[in-house]
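Okay, handing you the structure first.
In order of appearance the chains are A, B, C and D, and numbering begins at 1 in each one.
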Amino acid sequence: MSGDHGHEHHIEPWGPHDWSHGAPHNSFAPLVMSIGFGVFLYAFANIFVMGGLENISSMAGVMLGFIIITIGLIIWWRQDMSFDGVYEPQGVGAPFRNIDLRKVAMWIFLMSEMMVFTSLFSTYIRYRLGIPNCEDVFLSGEWVEGTTVNCFEPAAHLIASSWFHLAPGAVNTFALIVSSFTIVLALKTAKMSNKKYAKKYDIETANVDAHRSRKVGIYLGSTLFLATLFLTLKLIEWFVGFPTPGPLTDLNHGHSEIKSLFAEGYTIHANAYTNYHYDTSYHGGHDIPTDSALYAMLESGAHPGGMMMADIRVSASTFYVTTGTHGVHVFAGMVGLSYMTFKALRGGYGPSNAVSIEYFGLYWHFVDLVWVLVFPFFYLY
Amino acid sequence: MGIASATFDGLWNHYEMWSAIVGAFTFLWLAHHSLVYRSKDGDDDWEDIDGIKVGVFPKHNDDLKLELAWTIVPFILIVWLTYYSWGPINEVWADPDDPDSKYGLECGTDGHDPNKCYHTISIIGQQWFWIFDCGNLDAEICDSSEYQDLNGTMVPVLKLKQGEYYLANLTSEDVTHAPWFVKFGVKEDTVPGLETAMWIAPTCETSNCGGDQGESSLILCTEYCGDNHAYMSAIVTVVN
Amino acid sequence: MMNKRSLIQTFAIFVIIGLALNLAPEADSLPSGIAGQSEKGCICHGAIPDSGVTPSITGLPSTFNASTTYTLTVSFTGGPSGTDAAPFNLGGFNLAVSSGTLAAVDERVKIENGEAVHNGIDDDEDNNGIHDSVEAGGEPITSGNDFTSWTVNWTSPESGSTTFNLAVNSVNGDGAASADDKWNTMSVSVSGPSSGIVAEPLEPADPFVVLATLIIVSGVLLGAVLLYTFYRANPDGFNWESFAPWITGWLTTTDHKKVGTLYFLAGFFFLGIGGIMAMIIRVQLAVPGNDFLTQDQYNQFFTMHGTVMIFLAAMPLINGFANWLIPLQIGAADLALPRINAMSFWLQPVGALLIFTGIFSGAAADTGWTGYAPYIVSETAHTGTTMWVAGQIMLVASSTLTGINFLTTICAMRAPTMGWMQMPLFTWSIFVANLMLFISIPAWGVGLIQVYLDRTIGTAFYYVASGGDPLLWSHLFWYFGHPEVYVVIVPAFGIISEVIATSARRSVFGYRSMVYAMAGIGIVAFIVYGHHMFTSGMSPTLRFVTMLTTMLVAVPTGIKIFNWLKTMHKGSLIYRTHTLWALGFLVTFTLGGISGMFFPSLAMDTHLHETYFVVAHFHYVFVGGTVFGMFSGIYYWFPKMSGKMMDEKWGLLHFLTAFISFNGIFWPMHKLGVMGMARRHHTWFVSVDEYTNIPAEMADWNLFISVSAFLFFFSNFILIGNMIKTIISGKKAPADPWGGWSFEWMCTSPPPTPSFDPHNLPVLHDANEYHESEPGGFTKWFAGLMVPEDDSEVSH
Amino acid sequence: MNFYGLMILTAIEVGAVGVDLSAFAESIGATEKQLTFGILWGIGIPKFIMIAAIFMHLYGDADSKILTMTALFPAFFIIVMIFFIGLTSPGAPTDLPAWCRPPSWL
């Protein structure tokens, strides 16, 4: 197999590696990517300072950071491009006997990712149980129009209020599940032996490879497309909103469009958030449950009614940062997917070299697994 | 003269005794072994007990009885120390509405025992000075009107009475601070947006607290709070 | 031998170095950062000096002549002065002079104990905005605080120079102290005729200039040493052409030995920088009421000292040992993922650059290494804090990648004949340390990202007004913080186990109980972190629970110490420097462990928390434990890494000076802490007659500490000198100089690249004969879990 | 097959929230919030298991068992974090509950 113990091999920090022998390879990628992260973090901190837009000019620094990271990635992939699965060391001894090292490394990486999302969920649980729920405060009547109340407004209160609001989130969940499925199909296609492949698609074994590369490329490409769809729908839901023309308007009880979360005022700076849910005069007040204290106070005239103003910055922050971190992980997956699709179309994946799709699949299913928990907690409940 | 409150001194002496014992035991053992088991002359004729060779995992050298001994004995010492320091918790964190705690109930509430009750004061921490509020307690029990120069800055003086007990409600206007009554050995953080509490039982060294002007000691800020964290101190004077 | 072109280039390098050396003192940082304004202005109107108010003094000569009277006009502009219509209560001033006398010119000014102050009392008792005199029907009497400028007479002294400290208030005139009243201060100094040989008062050396100079000097020294070792490596290759490939070799290496050396370089460099900061802090604390550092600068120094020492010195040194030794000890060619190993190294220096950006702007992070909320997100924290947080996010990424690499390597790449219970104890310690680090660091990463977003785009995780909970940060930080301090000490345990066993020429006592003790520490580390927050307003139930669990921590550590002592029983101890350091570790770490036992009991912790007793404890465990363990490891493994034997005499000198001065520094701190010296205070005061603070004799203890601190700092250069001397002219080292048993002593020193040929990995024999007993229930169950022995990997 | 199962479960989940269940909730004596909470957990857990088991090869492969152990290893630390950070709220030390206080004779 490999191991050229002793002879002096050429140090190729830029170009494709001769993977037929083991370590060490030299590579500029680590140094370049670290500098890229440094520039990105430095520049991003100069754009916004303490919530205010300080100087937009340092957006150039952020772009520069991204460019340097991409250069680093390209070097990393150039060296990986020549990898044809010959050098795939396996675990020795308990506990990971005969399992590929990269698979063990991926699972250990997922253990760390679990802790990241546990920290985000612990923050969410602590704040949701620590700060009184806005709706309970509203229905308890302990508020006066004009003064802001500190309360926890779960995004679900806005999103799960109507089918249309729920649509982007729901479609996203379906998109992620389909993308998990296409990754599994890509893996199956790549691993299928030439004979079975030829029989299945009844083509001669000669051009199985070309046909397979195209098919695996299509599956990976569709996963990439679904991931992009996921992120675009999320951005629409956050910033853009979408119209509901024609027959949909009356379905959307008269509104011609669904406003984005930002337009609804549900932002991380919202310290005076007003919403029709918290307006006693909305719908002539018959939305207010009769058994609530507020209803009794309104009846007895003890409460002047009006619009409750709420400081919901904490709940908005937990919502945006948790779903945002998940979004960043989807984006990281897209970066990996773009490389793999490019490699697949160039015939990189065959029965002998299908495992890297499986390992990326582990990461991708993990991201979908996190969404299975994030979606109900943040969007539905 | 004790370091801080009597409870603290009791605990401190007890822990110091045990530390001395454990320390002496370990260091005697260390000194003995490192002197007695030195390789005598050069290192050729030492009696190679375990026969250590390169590339060979050495012979196990363990003795279950011994290892169990120095697992269980420290554990017993630890359990004893936990039990010993469990008692004072009731003093440092007594329950304000438990009549038979050290401080009893609040003076003036119905059913309080007159010679075992506490007064409530409030301490507010702000970026870089303390605000003491005695509420409507009469000046003889608690008075926070005076100021005094302390190393160049004017700091408030809290005048308390010996033998009285005080429950201080703490909060902060901006960042975390923590009043540390150095002589009474108590501190608790003032967290913005949260009300915490701390018991103060002022005592003096001399019985009549040094005549009428009382015995003063320092209150330091012991939770880092920014630029003038070191200047954010105050004086507590205990009168008889 | 060097052609003309490279001669010129070499000459150019020396010119640049020369320039850098003498430019260093001028390495000034932005003036805005280190404003000279005294920070003790009047703090009754609002908390912080407001740059909107600009005070000024006119009428001052450039140089005054002896004892002449000058009329000065003191005035200010800006601030809310007199926004109300009624022309009264505009503002006030306070002028203090360091020499000469002040006199009032008109009734607007009065002189109070030598300082000129506006002569104005609140003229609006019922503060309804109308002057009392007007209310009483009379003419509005104008008084001192109805103006924004005043005139004062100042008679100058015979000689010397005088500093004028002016503090001005600009109030909105509503008669009540409110938050929007602003104040600001300025100070200017004027020099008079020099009387004879009056020494020009030394401008106090600005600590940041001192720090920046020392950083640049140590950087240049490091560069010079590297160039010299490059030269000695092959003298005739010392030219420009062969320099480029050499440096690329180091910048792009993924070989675990070279990355290990890079880690050592970074670790020692920052150990030096952290040490310099410690020295500056000790200069400040040497005498009571010292003002070498203002409190603001002191805050930056202790924050950076903590961050640099833990994250940029101790962790890289541990990674240096781990990178060098793990593949060698388990018989692997290299780590599982070499390029990710290089990446996790390079993230650290770039992260360090980010952390240090604050220093150059003079507004470095001043939040303490713990960075408690809400101060870290408040306006008063320095702008450098965001960069400090960003730099640490990169360190989190680096540690996560290291964790993946080492866990995979140790779990899956051991030599076939090495089972879990045949691994050397140092490998076990790195395994447990990386497991703890790897599981706990995401909590800190999430906390840091929350603070980073709070300070940039303005999310409200720790914004108290919107319901943000400052204790969430303490929880997330200490959930990581306590396992982190065990991550820093457990590798030192591993090193000490190896060194004591080999020095006493016995196998370590109770190998299995050592492994279970380390596993025990690994688990307990996660359930005890509450003892850092006993007085912090955390939920009292959790404080009580963590009191009980913290008591447990002493048991596994006690087992290990007793096992080390028993290892020496009937051994035949060879006294080399690494043995001395291991025994030194045993002394200082035991003392640190014992002083640590005072904190779990709540009643004592309410007195001891945030005092110098805590500082003493954790320095005994950090420096006495980790750093002494590292020193022992360096003397033990340096022959293997460099192929040359170190000088024992220098080693003994280093041990004696460092060990004694270390105890000189930190032992008295226990007493200081208990007597009342609080942590993170930039100065302390001895008790005066009216109130008792630290007793007077403590003053010389602090001076004693500062002196031994400098001794300790310089004693460590003996080690650096020893290492350089050994690299250049050390005696050739045999493969196994100390008689160790593990794999690293089998290969040559320095080991070849790749370390072991993957074809014929080393075979580990076992001196204990195992009688092939029937495998127990657990082993059978576990065997069922694993992939069967024979068939190839299934997922192909 | 696994894919279709997941799609159906997600549809139920979204439906449960979209449809107004207050009437049904009254009948079983719970508020709509609690009912939705129950449904979401009821569907969330099987989805979690289906993805982990089938898509991530944690069931049915030779290396599944050992990798499931690896996946479950951080469970202890997750539980510690959820209990210590998620479910505690700050408070004054004086309201230490009775079971933590020492017995009166101490």
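Keep in mind that, in the parts below, a contact is a pair of C-beta atoms (placed from the backbone, for glycine too) under 8 Å apart; a residue touches a chain by one contact, two chains touch by 3 or more.
Please read all numbers here as calculations on a predicted model, not as lab measurements.
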- Query: Hey, which pair has more contacts between C-betas, C-D or B-D?
  - Reply: C-D
- Item | Centre-to-centre distance between subunit D and subunit B (centres being mean Cα positions), rounded to whole Å | 41
- Query: Hey, how far is the Cα centre of subunit B from the one of subunit C, in Å?
  - Reply: 26
- Between subunit A and subunit C, tell me the centre distance in angstrom, where each centre is the average of that chain's C-alpha atoms. 35
- Message: Can you list every residue of subunit A that touches 2 or more other chains, as numbers and ranges?
- Response: 95-96, 98-99, 103-104, 108, 111, 115, 118-119, 122-123, 126, 130, 358
- Within subunit D, the set of residues that touch 2 or more other chains is 57, 62-63, 66, 69, 74, 77, 81, 85, 88-96, 100
- Query: Using the touch rule from the top of the page, what residues of subunit C touch 2 or more other chains?
  - Reply: 439-440, 443, 465, 467-469, 471-472, 475-476, 535, 537, 540, 544, 785-788, 791, 793-795
- Task: For this assembly, give the contact graph shape among line, ring, star, complete and other.
- Result: other
- Item | subunit C residues within the subunit D interface of the complex | 439-440, 443, 469, 471-472, 475-476, 479, 523, 526-527, 529-530, 535, 537-544, 784-788, 791, 793-795
- Note on the structure: Per the touch rule above, subunit D residues touching subunit C in the complex are 57, 61-63, 65-66, 69, 74, 76-77, 80-81, 84-85, 88-97, 100
- Note on the structure: The residues of subunit D that touch subunit B in their complex are 90-96, 98, 100-102, 104, 106
- Item | Residues of subunit D defined as touching subunit A within the complex | 3, 6-7, 10, 13-14, 16-18, 33, 36-37, 40-41, 43-44, 47-48, 51-52, 55-57, 62-63, 66-67, 69-71, 73-74, 77-78, 81-82, 85-89
- Task: In the complex, go through subunit A and note every residue touching subunit C.
- Result: 1-3, 5-6, 11, 13, 22-31, 33-35, 37-38, 41-42, 44-45, 47-52, 76, 79, 89-105, 108-109, 111-113, 115-116, 118-120, 122-123, 126-127, 130-131, 150-152, 191, 268-269, 271, 311-314, 316-318, 320-321, 325, 351, 354-355, 358
